[in-house]
Amino acid sequence: MALLEVENLQTNYGAIKALRGISFMVEEGQVVTLIGANGAGKSTTINTITGLLKPVSGSVRFMGQDITGWRADRVTKLRLIQVPEGRQLIANMSVMENLTIGTHIRRGEKIDEDLANIFTRFPRLNERRTQKAGLLSGGEQQMLAVGRALMMRPRLLMLDEPSMGLAPLLVNEVFQIIAEIKAQGIPILLVEQNARKALQIADYVYVLDRGQIVNQGTAEELRSDPAILSAYLG
Amino acid sequence: MESIFLQQTVNAILLGAIYALFALGYALVFSVLGVLNLAHSAIFMWGAFIGLLAVEQWQLPPLLALLLGALGGGLLSVLLEFIAFRPLRRRNAARISQLISSIGASILLVNIAQLLFQQIYNRTEAYYPLDLVLFPGMSTETIVLDDIGLRIQPIRIVILVIALVTMVLLQYMVTRTQIGQHMRAVAFSERIASLLGIPVSRIFVLTFFLAGIFGGMAGMLYGVAFRKVDPFIGENVALVGLTAIVLGGMGSIQGAVLGGFIVAALQTISIAAGGSSYSNAIVFVLLFVVLLVRPQGLLGQPENTRA
Amino acid sequence: MLKLQDVSRRFGGLQALSDVTITVPDGRVVGLIGPNGAGKTTLINVISGLDHPTSGTIHFDGMSIQKMPPHKVTRLGIARTYQNIHLFGEMTTRENLMVAQHKRGTSSILSSIFYTPAFRRETHQFEAEADALLDQFRLQDVAEAPAESLPYGDQRRLEMARAFATEPRLLLLDEPTAGMNPTETRALGDQILMLMQSHHDLSVLVIEHDMSLIHQVCDEVYVLNFGKIIAHGTPAEIRDNPIVVEAYLGKEDSELI
Amino acid sequence: QDDATDEAMDEVQMGAWETCETPDNLPEEINLGVIYSLSGPISVYGGPQQQAVQLALEEINGSAYLGEGTTLTAIFEDSAGDAEQAINAMTKLVEEDGVVAVLGPTLSTEAFSADPIAQENGTPVMGTSNTAIGITDMGDFVFRDSLPEASVIPGTIAQSVEILGLERVGVLYGDDDDFTLSGYDVFIEALDENGIEIVGEETFSREDVDFSAQLTNLLNNDPDALIVSALSAEAVQIIIQARDLGFEGAIIGGNGFNSPDTIEQTGEASEGVIVGAAWNVASTNPYSEAYETAYEEAYGNAPDQFATQAYTGAWLFATAIRCANSAERSDIRDALAAITDLETPLGTFSFSETRDPIHDPVVQIVQDGAFAVLGAEDMEESE
Amino acid sequence: MNLLIDALIQVLRPIGITEPVFQFMLVSAILGLSVYLTLYTGMLSLANAGFMAIGAYVSVVLTTQFDVPLGIAMLIAMTVCALVAIPIGLPTLRLKDIYLAIATIGFGEVIRIIALNFDKMVESILELFSNGERVRFELLNGARGIKNVPQLTETWMLIIFLIVAVFLIIRLHHSRFGRAMSAVRQDERAASNLGINVVYVKNMVFILSAILAGAAGAFNGHLTRIIVPNAFDFAKTVDILAYAVLGGTSTWLGPIVGGMVLTALPEILRFSSQYRGVVTGAILLGTILFLPGGLVNPKGLQQVWRRYVKREPALTAAEEDPVDA
């Protein structure tokens, strides 16, 4: 049994059919990547899994439990954590508060330790720890969003374009963090435009197009697929 | 001259306490929902009404009545969340439609109260008993401090103390406790809050409950202080409360309290200076000036957004 | 030509820009790179009038603009896009473009009320121009869709098209390719180059983290770090500048390119 | 025995109205329009008015006052204290429902908006709580049975001055309400005439509850008496708060003080309160007492002045219909205008040339927790 | 025209809409449009009751004291409103949301208090120049109001005014100014960066809205036969806002329908006697719950159609609430 099993998921925005029945899974310890053009439905997929959107049909199972249609806060309590596209910080809270606000879903121990880890990884956040999140620069916000999710000790981490808007140095940093998270055995569902890096780190890849999965395979398989190469690797 | 100044100062502080208490509940709902709950003044009236029924019809001890007034306010407020706010939020309606639904709810609550008044009292006003003491041992005698020319009613001091204690407790809760942090997160965005595992619906219910408690309590105390209760007493404080929270800075707890006191002080000062006809105009002119200098109100936070 | 002289911007204790001096010559594409939080967006904000420098001067074609409100800056011919998309979500794609034509409109309220020939002429002209822009930015298919329902990439392109609809002589682009894949990024680069070809005196200041785009379109590049310019040169010079590699690019990327 | 007194009361009551022969020319049903503020804050006054009219109609129909087989029915409309609604209600009653006459509306403002419609349609309309200047100037179909302040207050002030020897007074009045403002004007004029010094004037708004600031100001100047032009809603607070602030002199008010609440709700504080009004609960007029008993029996609390005037108004219309022996609007108008020296709860009542009421006002003072005629003691002593 | 109106009234009478009711409905429709303009531009301005008061007082003083014909009195009243709107709007319109709302409510209250005390104020000013002699000045008569105002407003005037106003608003929407209004509502900063003078747009709209409210006030003043300051209080402000929101602000038709329905409702509900208030509240609440976008809102009606008639599953999109919106 896979950690996350998505089956035949269909989601609409009013009359727009954003997902037309997609199925995939994430196994323990894996990094699974969803790639696809703009508007393919990647964010919709993640949002449906977390419960921000209700599917029209299909099912989502997490750790063997059917969580289809659960509210987002219930899903999150299972420590199925999403780092949403566009950062979605609490703009009027400080960096520090943003980092700690999600920790209520885990047990209290070692929070300080984790915090220290985050600050060593993102010294920039440490410098700005009392600043309101809304006033951070784009990149700083992205770091904070990832940091916040890590503070929640995810069982499965879902990252929606985490490298968007980051300086090259930080993009490397983020992928390094992803690698580290992976090394810690935390499974990851990664949505990325930076397909080159995503494919480097992924165990398994699904390619999404207009609400459907059009291709899938291990990272190596796809890296050698000429169609993928031309479409996503530039 | 000195004594009149002192007396007027005391008048202002005591009036301010009532405004502040009412404004607190208003501010709480606004800061979490970002919506003005115009039915809050109806909750206020119901608090006074329930308290009145408790002491007058059911002959309960006044403290219990206060509790009932507060609790009744809380429950009604939660009811409002369920019938007037939640359905609209669920459908992503514009905030302004929530404002209108709160007006609808308010009309409903006031008119139901009017029907009940008519049923129970055969007219639309009623009075708290003349010699009501809030708790055993409390005096109803005016405290006279003749050497400094000051007269204070004990009940008003009680109201002042309750308002201040409430403010401190609420402030502590919102800034220092996890519940408070969650409330602020929900206030900022339900969507983000839910992604942080915060039970959004429960936070809303809690917020409404607390706000209702403050509203109901303020109403009951107002009733005890001024004794007359009718279905429309909420209208007397609605605009004052609104002014107070805007002046103090929306979403700020201390701001609401500060605003309440400032409005009362201004009204009193303008009356003391011989301008009783203009007291409300003066309040608004000052509000105007404050907003021009500090568009976010006295203690409000500037917007945390950037281009 | 845009000229910034010793521009500084403080936010409380934070010096977001300090003594920045840069020039964007006519007909050139200038890149602006730097780590996150370096002050790039702040720089664009002070140029476009949304924010104002604490000290220093900004001149556009010899005119001092550091205190101008945004709409006047735009009327002088400076347009911008935003790092976080700012479209008019309830309007259609086409309407978004038409708003941008606003400043060029000469028809008065009265002429539109009476539907005068001049008003109709202007409207037709704008519609034609909007169509051309839709074509140029590959947005024809979504012309009548509300902007908020567009996919992210389309929204980014619409932002650029909208800025361009003001007929600017200086275009400020804040991370135009964020969220795009390499293919789309390259296409956007081509688009910029095409614009440069068809509009001779157009100049562009572009903020990017995607070095491939910088290399594709920029004539010269400034590097901002902690609010200061730390390097200036051609893309190739910048790539090899050890300070830049250290502060911004990191080993891997400079090798990759 | 109770029955006996009841009957005696009924006799007194009914006897008063029987001025004309029992009519024989009336239709089975006669519709009377009634417009009062039945919702919103003004319903405090409109509600009891409605009840009083209901009581009057029960009595009128119960005693076959308009002859066997004729019922007088009221169509009640709510004006919510709003001029627009008053217009709408009046239009509906006069043009749609075809009522023969209209009682109300509650507020003078509403009357100024709505009465012209009745006038245009030749329908008699009678204000039962309109005291503003100019009400009956709207036309010959416009009546009122509510004594304007100008007919009450001068007497109140003159008597108070004489008996209490006032020299300096402070004045407190509501300045956003026609009723209290008119009262204020008349007070000032009367004070002027009696050569009284005004040591301070303060205002408040409708529905205010805290008057401490104004009172503190006034009391700082050591007045002998406070003159208050307020409605009953505010009067209670003003009396209590003035006493709380240590004021022991007389508090003189008009209509607004004239409610059962004044004593009930202020307790000891009401000692020394002087009320000059068209009518008072403590009125000893037998017709008034009979009415009061009936009202209390029906509704459980004592009537206020506006209710009494509404009750009287309904009876006046009934009397006019009876005397006219016709349900025609103009006949009713003529009969109404001809009413003179009718015994009513308000006293011996006539309409003046200008269709304003003529009857004696009462000036009373609260003593030992009850209303007493002002100066009664002195008179006894001097006798 | 008059025949048509008569016929219409004949049809409406059975449900309680007599001619005066219809007239007030039309006045409310104009008020609805007035608040619609500001809402459409993203301003929660609640100054309408204040401008209504100015319009009413100015025009009534002119027609009753100076025998000015209604048409000219209205033009002057509307001009005065526009002139007052400029100094009020310039500083105030920088405020947002609820801050703007309360500042503008404050304006209305101040106007009301000035109307209450106008005579007294003039008196004390005149007394300064008259060696302490007591001067009598009576114009607005404070709370007593101006009485016996001739009923000059005719139904056809209201209808024609409304038609012209709607026509102008439609044209406005199609002009670049109209697009600028919408742009300012949706994203002020982006609008300013596209060359739109946000301050200008906001102030122009505020002035237009003031003019409409002033006209409504002038019409209303010549319908009610008396004008008193308290007719323009906070409650009136709230009513006017409700007209627009209940009717729906996505098109100009919404506020008109909203104003007319909300004004007619209490009259239609007269049969419910003492339950009238409860029923009114329940209807208002129910309507806004079912149709959050207002009575006239094509999109919302579609949704309701899908949801309640065709019984399709509810919409699923969760609220988009980006960090920097």
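A, B, C, D and E label the chains in the order they appear, each numbered from 1.
Here is the rule we go by: a contact is a pair of C-beta atoms (placed from the backbone, for glycine too) under 8 Å apart; a residue touches a chain by one contact, two chains touch by 3 or more.
In this text the structure is predicted, and so the values were computed from the model without any measurement.
Please state, in steps, how far chain D lies from chain A along the shortest route of touching chains.
Shortest path length, in steps: 2.
Among the chains, which has its CA centre at the largest distance from chain E's?
Looking at centroid distances, A is the chain farthest away.
What pair of chains has the most C-beta pairs in contact?
Most contacting pair of chains: B-E.
What is the distance in Å between the mean C-alpha positions of chain A and chain C?
29
How many angstrom lie between the CA centroids of chain A and chain B, rounded to a whole number?
That pair's centroid distance is 44 Å.
Would you mind pulling out the distance in Å between where the CA atoms of chain B average out and where those of chain D do?
The separation of the two C-alpha centroids amounts to 36 Å.
Would you pick out the residues of chain E that each touch at least 2 other chains?
116-117, 189, 274, 277, 315, 317-318, 320-324
Which chain C residues sit where two or more other chains touch them?
41, 50, 82, 84, 86
At least two partner chains per residue is the criterion; list those residues in chain D.
39, 175
Within the complex, which stretch of chain D touches chain B?
39-41, 43-44, 47-48, 51, 175, 202-205, 207-210, 212-214, 216-217, 220, 233, 236-237, 240, 244-246, 261, 264-267, 299-301
Sort out for me which residues of chain E touch chain D in the complex.
The contact residues of chain E facing chain D are 13, 16, 18-21, 24, 116-117, 142-145, 147-148, 151, 223-226, 228-231, 266-267, 270, 273-274, 276-277.
Where on chain D is chain E touching in the complex?
Touching chain E from chain D are residues 38-39, 76-78, 80, 82-85, 87-89, 91-92, 95-96, 109, 112-113, 116, 132, 134, 138, 174-178, 180-182, 206.
If we count contacts the way the header does, which residues on chain A are in touch with chain B in the complex?
So the residues of chain A touching chain B come out as 50-52, 71-73, 76-77, 81-82, 84, 88-93, 97, 101-102, 104-105, 132-135, 148, 152.
Which residues of chain B touch chain E in their complex?
For this pair, the touching residues of chain B are 30, 36, 38, 83-84, 87-88, 91-94, 96-97, 99-101, 103-112, 114-115, 118, 189-192, 235, 238-239, 242-243, 246, 250, 277-278, 280-281, 284-285, 287-288, 291-292, 295-297, 305-307.
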